[in-house]
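Next up: some structures, all given as C-alpha cells.
In what comes next, chain A is part of two complexes: it sits with chain B in the first one and with chain C in the second one.
Up next is the complex of A and B:
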C-alpha cells in the first residue's frame, strides 16, 4: 500500500508542475501543425498526418518520461524530502516503486491526453485508423522503459546526469538492433564482445516503433504489439531490480 | 536476542552499543563522524543531545532512524533493532533545516504522512485538525508550504512528526535559526508533548534551551560521547556562597585557608567555600567569634560552564546515573 500512497503523492505533485502542461500544449500544437501540413500534400494527407502526429507524440512522451524519471527520485534525494519519508516505516523498494509508479502515471496521463487529441484531429480529417491506438500504446511503453532507465541512473547520479545518460540510451536504443550485425562485420573479438554486450544491455526501442506500418495503414499483428508490451514490462522490471540493488545501500546523509 | 535482554531494552527509548560511522573524506582520508557510541536514553524523558557543530549529533539521529548505515556497532529504538523498519511505527522525526514537499498544502502534507501510518480516513482528518491546532496553523491548512515562513515550517514539521502519536520523538536542532517568538512557540509545543508522556530526543547546540526543558543530557564532541546523565546530577553543587557582617580581623585569621574569593558588597562580606561541611564549620566560626552570617547559598554550575568544561577537557570517562 505504501507504494500506491507514495506514487499518488508524487504524481499529484508532478501534475502541479508548470512544465508538463506546457509540453502537452506544444505537442497538441505540433499535431495540429501536422494536420495543416497534411492538407498541403495531395494524396498523402492521411499518411503524413498519422506519421508526423505519432512522431510528435513519441518525441514529447520520451521527453516527459526522461524529465520525470530522472527527477522523481533525484529531487527527493537532493532536496532531502526523502529523509522525512524514510524515517517512517517505509522500505526502500517501496519508495522506488512508488516513485516509478508516479512517473508511469504521469506519462500515461499525458500520453493519453496527447493521444486522444491526436485521434480527434485525425478522425475529424477522416484519416483515422485502428492501428493509431496501437501506435500510441507502444509509445507509452517506450516512454515507460525510458522512465525506468532514468530512475535507475538517478539512484547513483544527479538528476541532470541521469537525463543526459537516458537521452544517450534513447539514441542508442534505436540503433541497438544493428549492433550484432555491425559487431559481426568488425571481425575483432573485443568489438564483437562489446557489441553483443551492448545489444543485450541496452533496450531495443525499435520494438516500440511501428510508425511506418501505422502511417501506411498496414495491418500490424497482435503478437507484435503483445511482444513489445511484454518486452517493455520485462525491461522496466529489470531496471527496478537494478535500481533497488543500488538504492538499498544508499545513505541519505 | 534473549528474552531478558528484550525486557531490558523495553525500558529504554534508545540504546546504542559501539555505534560507529566512518565516512570517506574528500581527501581520501577517513572521517570518524561517530566513534563507538554507547548511549542509553530512558523512556519518558526529554533527552538533550549536545555538542558543537560537526560533533556527530545529526549523524547519530540519522543512524538511529536508518537513514544512514552504521560502519559498525548496533542500536535499538524502543526495543527494536534499527534495521527493522517496523520499529519506526512509534517514532516521529523533525530533521534539521526541514525540507518539505512545498507544493502540498499543510493539510495535504499531514494527510500523506497520516496515510503512510495507515490511519483511517475520518480519524486521520480529526488528528490533522488537532495537530494543526496544536502548532497554531489551523488558519493555514490550505496554504501551500512554499508560502510558509521558517517558523511555520518548523511547526508543520513538528505536526508531521506527531501524526502517528509516537512514543519517541527525534527533534534535530528544532529551535536553531528561529526568532525569539518562534523559539518560545516550539519550546512550548515540546513541553506540551512531554506532558503526554512521550520521550523526546532533542539535539541542540543552544544550551539555554536544553537547560530549560531537558531532564537528561549527553554531550558529544568530535564523534565521542564525553558525558551523559541527568541534568541535576551533572550540574552538581560545586560551591557554597556565604554572606556575613561584623567580621573582625580575628575572624578573618580563623577563616584563612578555609574560604576563597573574598569580596565586599555594601556592608556585607561575601566569600565561597568548596563544600557544605566546610560551610557549616565556617558559619560556626563566624557566630562563635561575634560575627553574623546573613545567608548560605549553594551555587550550581550552569550548563554552559559544564559544557565548555566538558568539551575543553574532552574526558572520555562517561558519568552515568
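Up next is the complex of A and C:
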C-alpha cells in the first residue's frame, strides 16, 4: 500500500514539472514538421514520416526516462525529504519501489501521449500501419530499462552523475552486438570471457529497435516483439533488485 | 544483523537466477532476430532518419542541378551523387528509392557507377524489388551494350513475384539476341500462353513465328528444330 501511495504522489509531482510536458509538445511538433519535410522528397513521404516520428518518440522517451530515473530518488535524497519519510513507518524498499513505480508511470503516460499523437498525425496523412504500435510499444520498454538503470545509478551517485552514466549505457547498449565479435577475435580466454559477460550484463537495446522494418511496413515476427518485452521486464527487475541491495545499506539519519 | 545478511544473500541468489534467465531470453531473442533478418542493424538506432535527411538533401541537390545551367548530370555531378547515394544506402540498405533514382540519374554520365549502385541494391533487396534489376538490365543493354548481363538482371527481376509481364517479353527478346534461342522460344511461348489482350497475343505470335522460322532454317540443334516446328504448328493454327 505504501509503495502505491509513494508512487502516485511522486508521479503527480513529476507530472507537475514543466519540462516533461514541454518535451512531449516538442516531440509532437517535430513529428508534425516531418509531414512538411516529407513534401520535399519524391514518393517517400510515408516512410520519412514514420522514420522521423518513431525516432522522435525514441529520442524524447529516452531523454524523459533518463531525466526521471536519475532524479526521482536522487532529488529526495539531495533535498533530505527522505529523512522525513524514513521517520514514518515506511521501509527503504517500499520507498525505492514507489519511486520506481512513479518513474515507470511517468514514462508510460508520456510515451503513450507521444505515440497517440504520432498515430493521429500519420493516420491523417494516410500513411499509418498497425506495426507502428509495436514500434512505439518497444520504445516504451527501452525507456523503462533506461529508467531502471538510471534509478540504480542514482542510488549511489548524484543525479547528474546518474544521468551521464545512463547516457553511456544507452550508447553502449546499442553497440553491444560488437562485443561477442571482438571477444572472439581476441583469442585470449579471459578477454573472451569478460567480453561475453559484458555483452550479457549491458542491456542490449537493439532488441527494442524495430524502427527500420516498421517504417517499411515489413512483417515483424511475434517472437521478436515478445522476446524484447520479456527481456526488458527481466532487465528492469534485475535493476530494481540491484538498486534495493545498494539502497538498503544507505544511512539517512 | 544476521537477518540483514540473510536478506542480502537471498537477493543475490535471486539476482544470479534472474541473470541466467536473462541470458537465455537474450539468446532466444537474438535467434528470433537473426531468423527475421533483423540482426544487421548498426549504430545507435537512428540510421534510417540520417538516411532520410541525406535523401531529402540529395533530391534538393538534384533539383538544383536540373534547374541550373548544365541541366544534366555531368561527370562531376555524378561523382557527388554517387557518394551521396552510397552513404544513404550504407545507412539504410533497404532504401529502394535511393537505388532507383540514383541508378537512373547516374546512367547518362556514369553507367558503370549506376550499375554498381543498382548491384548493391540487388544484393540488399534480393527478391523484393523488381525495379532495381530491371533498371540495371536496361542500363546494361542500352548504355553498356552488355547483353549477357542484361539477361542476368532481367532474370533477377522476373524472380520477384510482383514483376510485370512485359519483362518476360523483354527477356525473350534479349535472350534471342545473345543466342539463347531455347530460352527465347520458351519465354515467348509463356508470353503467348499468358497474354491477356489480343494485341499482346498477336505480338507474341509474330515473334514466335519469326523465331521458329529462323530456327527451322538455321539451327543445327535437332531438338530445338523439332520444338520450333511444334510451336510453329500450334501458333499457326
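In this text, the second predicted complex is superposed on the first by the 248 of 253 C-alpha atoms of A that agree within 3 Å, B and C clash if a C-alpha of one lies under 4 Å from a C-alpha of the other, contacts with A are read in each partner's own complex, and residues count from 1 in each chain.
What we mean here is this: contacts are C-beta pairs under 8 Å (C-beta built on N, C-alpha and C of every residue); 3 or more make two chains touch, one makes a residue touch a chain.
Just so it is clear, the model here is predicted, and its values are computed rather than measured.
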Touched partner set for A:80, first chain B, second chain C, both or neither: first
Touching partner for A:58 - first (chain B), second (chain C), both, neither: second
Chain B versus chain C as contact partner of A:188, first or second or both or neither: neither
Partner chain(s) touched by A:5 [first = chain B, second = chain C, both, neither]: first
Touched chain A residues, chain B compared with chain C: C
Touching residues (chain side chain A, partner chain B) in the complex: 1-2, 5-6, 9, 12-13, 16-17, 79-81, 83-91, 249, 251-253
Chain C-touching residues of chain A, taken from the complex the two chains share: 37, 40-44, 47-48, 51-52, 55, 58-59, 170-171, 174-175, 177, 200, 204-207, 209-213, 215-216, 220-221, 223-224, 227-228, 230-231, 234-235, 237-238, 241-242, 244-245, 248
Chain A partner contacts - residues on chain B that touch it in the complex: 23, 59, 62, 65-69, 85-89, 91, 93, 95, 98-101, 103-104, 108, 112-113, 115-118, 157, 160, 164, 170
Residue ranges of chain C touching chain A (in the complex, touch as defined): 4, 7-8, 11-12, 14-15, 18-19, 21-23, 25-26, 28-30, 32-33, 35-36, 38-39, 41-49, 52, 55-56, 59-60, 92, 94, 97, 101
